[in-house]
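Structures incoming, each one as structure tokens.
Below, chain A partners chain B and then partners chain C, in two separate complexes.
On to the complex of A and B.
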């Protein structure tokens, strides 16, 4: 069971974010992400020269999309309505899940999901290929296939449909070198219509703490084409990570700080030149393992205050989630309640 | 007479300067103003995260 649970995403899918990606029209299916790749081990050997070369080797900087992830994970996820999730592992390779969402603002829905994990092991708790899919009661499908082609190349194919119509389809390939990561993504390619999106990412370790990189998005459709370039810099220390992304579309800065084993703090700043809007957010995560409790809170410059409380009801295989968000500016309140079984 | 005119001129300039700063600080529709305010909030948040978050929740309570 461990390999299936390690590969699948246990948390509910996050709400779609219009400003989450620099590539217009291409959005990742909710709740999907690349499994972590273990860092490349430095070459071993006798001799002072080889030891010095091993010490001078820069670490792989990780994926481009993960630059801001540590800070994002500290913030609570907004949830509305009542959610019931049942996870059932049928074998070490196969798991199914049922999700029922009862909502007061939108449509209630039921989703059935399945996760298959192969037997090719590339690291501790990392097995490939990974196939994840889920379908809701209206027939809309989200699916993703991740496979490690070689020790350094990983590929992913993702599809998203709304009922019977394909909305998103994309494929990408990621190459992890000794001290760099390069990825190319093809989004919604349509050879007949001559449209599509190509995204390239590159991230290079400059020092053991500093990584610099860039993202180039090229989009084309009949009669129109354009490109967007963004640069990213990330500084990693023992207890904090500071990341800055600058581009023609705007800027995104994040600061993640691990105060101690119980407390993590995240601060974010986002500015969009297109929307002519800026925002700053402060969030924290409190872990109390003795009480099997996790609390996340946030406040931002738009006067939105939110919090989520997650508690495992041991020895039962139950997890309870309470969520509340209050928008003082618009005078709106949202609360959510969820139970996860298995 | 000329000194009082100079003083009145500098006073009116200072008043105009203060008024423009007040209008800039309170205009919520101004992108540059929002940018400066939110950058300040971000810097404050980073300072709080680095300096005010080092408390241990699991430490024993003081006995009175």
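On to the complex of A and C.
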């Protein structure tokens, strides 16, 4: 059970940038993401467990997508309507989940998802291959297959459909070296039409605390092609992680600070050249394990205030999530609650 | 009065009636002005710069007060709702936790005698409390 639960990490992978990816009705369900590499969030700069050796001066910097992840996890996730999620583990390798969403603004839906975890073990909590699939009541499918091909190469294939039409199909391969990580992603490759997106990431540890890297996105459609380059720098200390992304599409800076055992704080600043706007947001996460409580709050420069409260109702394996978001500028309020069983 | 008007013998005693009538008419015209208008007329004694300065400052302070009032209204609303969303649930939960802990402590005191509920209570006095908090 533990291995299956460890495999389904709650954070969804970010969609490929500059891609015309999923249409609004389809959302990546929460079960998606690469299985967490054990010291995956590197507060002290130490890299992936399997590559860490005591004599290495420069640790592996981790995945490229994880750079802003620590800060983003502090912010509450907006949800509306009533959600009921039932997770059931059928065996050590297989887990099934049903989720019902009763929505006030859109359509209510039912999703069925299954997670399969294989038996090749590469770390204390990592098992490969991992197959995650999810189907909607209207027939939209999301699926991912993650596999560790060799000791340093991990690859992932993902599909997403909107009813019966394929909206997103991508494959990627990630190579973890001694002190660098490189990843190549092919998004929506269509050989017949000559279109597709190729994304390459590279992240290199310069010192035990500093990692620099870059991302190159090349997209091509019949008649047009273009590329976007952005650079990333991340500084990790014992208390905080500061990350900066600069590119032709804009700038993104994030700062994550762990104040004490209970309080974590994140500040994020984003400037987009495409939409010509900037935004700053401040978020905090408060953990009170004695009260089985996790509270996340955020304040935004767009006058949006939001909070999420998650409480485990302990004798039963129930977890309650309450969420409220208020936009002062437009005077709009959204609230929702959810119950997770199992 | 230079002119002497011929009055009919039935017009009453010869008195200076037209001037009185005129004076009465003048007073009647004066009384048509309201009190406010008469007081306002008094301000005309001040020189013009003083009058304009006073007018500008009064209008400015009135509009400032209105802006401050509407600002404080919206600030109060924004502050109260944001406090309610960001801080109130945590306050409730921590209070509840404290009350629960106090209750448990009280129960343990009643059950096992005094001095048991205190952390770092005197060793050897009582058998150690069986359940860890």
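One rule holds for everything that comes next: the second predicted complex is superposed on the first by the 300 of 342 C-alpha atoms of A that agree within 3 Å, B and C clash if a C-alpha of one lies under 4 Å from a C-alpha of the other, contacts with A are read in each partner's own complex, and residues count from 1 in each chain.
Heads up, the rule we're going with is that contacts are C-beta pairs under 8 Å (C-beta built on N, C-alpha and C of every residue); 3 or more make two chains touch, one makes a residue touch a chain.
It should be emphasised that the depicted structure is a prediction, and the values quoted were computed from it without experimental measurement.
After overlaying the two complexes on the shared chain, residue contacts for A:269 are found with chain B alone; chain C is out of touch.
Look at A:277: by the touch rule set out above, it reaches chain B but stays clear of chain C. By the touch criterion defined above, A:328 lies against chain C but remains apart from chain B after alignment on the C-alpha atoms of chain A. Of the two partner chains placed by the overlay, only chain C lies in contact with A:305; chain B stays clear of it.
By the touch criterion stated above, A:295 is placed in contact with chain C alone, chain B being left untouched. In the superposed model, A:260 makes contact with chain B only, not with chain C. With both structures placed on the common chain, the touch criterion links A:286 to chain B and to chain C.
In the superposed pair of complexes, A:238 makes contact with neither chain B nor chain C. Within chain A, the residues touching chain B in one complex and chain C in the other are 286, 288, 290. Here chain A touches chain B in the complex through residues 240, 253, 255, 257, 259-260, 262-263, 265-269, 271, 276-280, 282, 284, 286, 288, 290, 301, going by the rule given at the top.
Looking at the complex, you find that chain B touches chain A at residues 31, 34-35, 37-39, 41-42, 45-46, 48-50, 53-58. Looking at the complex, you find that chain C touches chain A at residues 78, 81-82, 85-87, 89-90, 93-94, 96-97. The touching residues of chain A, when paired with chain C in their complex, are 286, 288, 290-291, 293, 295, 297, 299, 303, 305-307, 309, 311, 322, 324, 326, 328.
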